[in-house]
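Next up is a structure, given as structure tokens.
Chain nomenclature is as follows: A, B, C and D, assigned in order of appearance, with residue numbering initiated at 1 for each chain independently.
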Amino acid sequence: MDRSRLEAFSDGVFAVAITLLALNLTVEGPAGKLWLGGQLSAKWPAFAGYLISFLTIGIIWVNHHALVRSIKQVDRVLLFVNQILLIFVVLIPFGTATMADYLPQNSSSARLAMVLYSGIFLGMSAGFGAILEWTLRTGHVYHPLPPEQHWPARRRFVGGALVYVISTVVAAFSAPAAFVLISVVAVYYIFERTPAAPGDGEEEKPPA
Amino acid sequence: MDRSRLEAFSDGVFAVAITLLALNLTVEGPAGKLWLGGQLSAKWPAFAGYLISFLTIGIIWVNHHALVRSIKQVDRVLLFVNQILLIFVVLIPFGTATMADYLPQNSSSARLAMVLYSGIFLGMSAGFGAILEWTLRTGHVYHPLPPEQHWPARRRFVGGALVYVISTVVAAFSAPAAFVLISVVAVYYIFERTPAAPGDGEEEKPPA
Amino acid sequence: MDRSRLEAFSDGVFAVAITLLALNLTVEGPAGKLWLGGQLSAKWPAFAGYLISFLTIGIIWVNHHALVRSIKQVDRVLLFVNQILLIFVVLIPFGTATMADYLPQNSSSARLAMVLYSGIFLGMSAGFGAILEWTLRTGHVYHPLPPEQHWPARRRFVGGALVYVISTVVAAFSAPAAFVLISVVAVYYIFERTPAAPGDGEEEKPPA
Amino acid sequence: MDRSRLEAFSDGVFAVAITLLALNLTVEGPAGKLWLGGQLSAKWPAFAGYLISFLTIGIIWVNHHALVRSIKQVDRVLLFVNQILLIFVVLIPFGTATMADYLPQNSSSARLAMVLYSGIFLGMSAGFGAILEWTLRTGHVYHPLPPEQHWPARRRFVGGALVYVISTVVAAFSAPAAFVLISVVAVYYIFERTPAAPGDGEEEKPPA
């Protein structure tokens, strides 16, 4: 199994999932006689959710790319953990729509919707962590990390994943606070380096 | 006709179909005043169907890749049998949604919905078998199997396809039993080797 | 502009359009208390439309591939005529859904729906013809046809396009007759060679 | 990070967004007993919006391709500004649907809908300008423009973007006038050269 079709399939799933996010953006239209400006304002949680989910999928796509391009040999285990990652990516439009529907409320449903939203990101993060773990254990990458760098690599990943653990817990108490946290992460990662993947920044081709 | 665009098109169809699975995941939202937890629990068949269909498409994608990468020369017959495979892949979101709608019932409609769901997988499997048969008959692969290995290759494929024949028959009597069977297959294949394709595990490039 | 991204974009559009065809396949579900078998039977035009549109998109994709791979140099005019082709491809799911909704009726709306459906295929065919014409006029292909073969190439294309002219006219009088005609074309092309594209069957790489 | 996966992901998003445009094309069907011709006529803004948005996405895709293929080295900043571009591309089906719903009206909602539609194109244009600016500043392209050509390159881009500034302002006073302006731009760009990107028309491969 070569890497390119794994990338092509994953890219397709990322691209469709990110585009389906916009299906949640709808207004009632002229039938209801409401001013469009009022309709759009009332949909602010859908727009905020669109923005944050779009940025978050973008970040995980960049990280996925950086990690996968370091891989020399694809096996069945990697395909499986990649599927785990994608199963959560595809859930994001659903999670975003549900979260946005309840965000303006202060109810147990709103908190549960935010736990679901944050939990999907946590699952996605876990899938990404499983791919990282696979690269560390199998060493099927172009520049395997020496064993003494395994824990630092894991630690940097866990640092990122921890935010989604925290936001999932926070969501159980306050949906808006969890949403702010998730938004801060999305914006923060745009300006920061992601956890370095094994071989990140190196050539993805074997030395000739 | 070269192989790469067949792969690109098929990957696109697989990626879109797998992502559209999530369109069936919707909740009523706050309008109905029902607790979100109750709404999500009531949708358990949709989530179960999402998971099993996602894994099953993932498995057939992996098998498709393994088989197609062994192919040296694409002809019109192969394009046609590949279309047969894809026509069933694209039906999966519809089959999953219908099956999930009826799964909680014990009715002839529920059994018919499960026959439909299982039958779509059977059709997909038949399309995959037709591609396998094409590779055996034309020998348009990098490492054609010697004739004495044709029947073992077919037998391994039929072993897998047989499960969908059985689950389709079982569905006519018990929808839940058929769903359990299909789920077991999806989980089993994740941990098992798939039927070896001609040239599987070999280089997909001609010897220089 | 190189050819590969034109192919990748077109393949993406073909793949999404073919997958969206299935969005029209929906049943009412258990809410209406109708037997699922009855619901599925009543939707037979949607299933027939799905099958024929799927096969027809598949055929035009194969032809598109054969023609585009012979192209050596992409220019702005080609990009524009390719957009014309794709604008009709993307309309197919809408045309199919509308046609299927009205097919069981014998009304002027049913005939108009079939004119629309057939007309979309005619437009797609015209877009394909424009790409063929571009290859003949510019000669930006690996093996340009000698001028004396231009008319035979056009004639073979026009032969295929003519069917959609006829089916569009027939649709104005009888929707079912036009649908049978379109179906026959779809099945016929699966077993027949398509109009040969310039350089078809030849290497798409320049002689080294 | 290599360029090819950035292109593959962007192409996927462009292809899905352009295909989702057609989801807004729906008619009521036979249930409402209205003649299909009347239903289609009443939907003319949806068809006009489909056409213009399709052409506009097509133009930006061509420009995106021309600019990105000149890029030698992808960094995090480029990935971010590319996301900004895509975030507006994905909004186009929503903007088109909303604009089309209100276009036949003469109301403040109709003008706001057109401001939204035009504003999405303006945002897309700004994202494209940010990519251009990145290529000028970093010089990470195969044939960097000499500094004295930076302002001419910007001027040509700003010339194009200015149209969307104007149409957004015009939309606040007259929705139809703004739509005509946007349509003229879409048709104009089909026949004209786009702002030359650095290295446009040159080889995208480094001299061997």
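Heads up, the rule we're going with is that a contact is a pair of C-beta atoms (placed from the backbone, for glycine too) under 8 Å apart; a residue touches a chain by one contact, two chains touch by 3 or more.
If you're wondering where the values come from, they're calculated on a predicted model, not measured in any experiment.
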Fill in: Same-site or different-site touching of chain A by its copy chain B, using the half cut
different
Item to complete: Would you mind reporting the rotation angle for the C-alpha fit of chain A onto chain D, rounded to the nearest 5 degrees?
Response: 90
Item to complete: Determine the centre-to-centre distance between chain C and chain D, using the mean Cα coordinates as centres, and give it in whole Å.
Response: 26
Item to complete: Please work out the Cα centroid separation of chain A and chain C, and write it as a whole number of Å.
Response: 37
Discussion item. Two or more other chains touching the same residue: where does that happen in chain D?
Written reply: 8, 11-12, 15-16, 20, 23
Worksheet, complete the sentence: Contacts from chain C onto chain B in the complex sit at residues 7-8, 11-12, 14-16, 18-23, 25-27, 29-30, 35-37, 40, 51, 54-55, 58, 61-62, 65-66, 69, 190, 193, 204
Worksheet item: Along chain A, where are the residues that touch chain B in the complex?
Response: 1-2, 5, 8-9, 12-13, 15-17, 20, 23, 76, 79-80, 83, 86-87, 90-91, 93-94, 97-98, 101-102, 105, 107-109, 112-113, 116
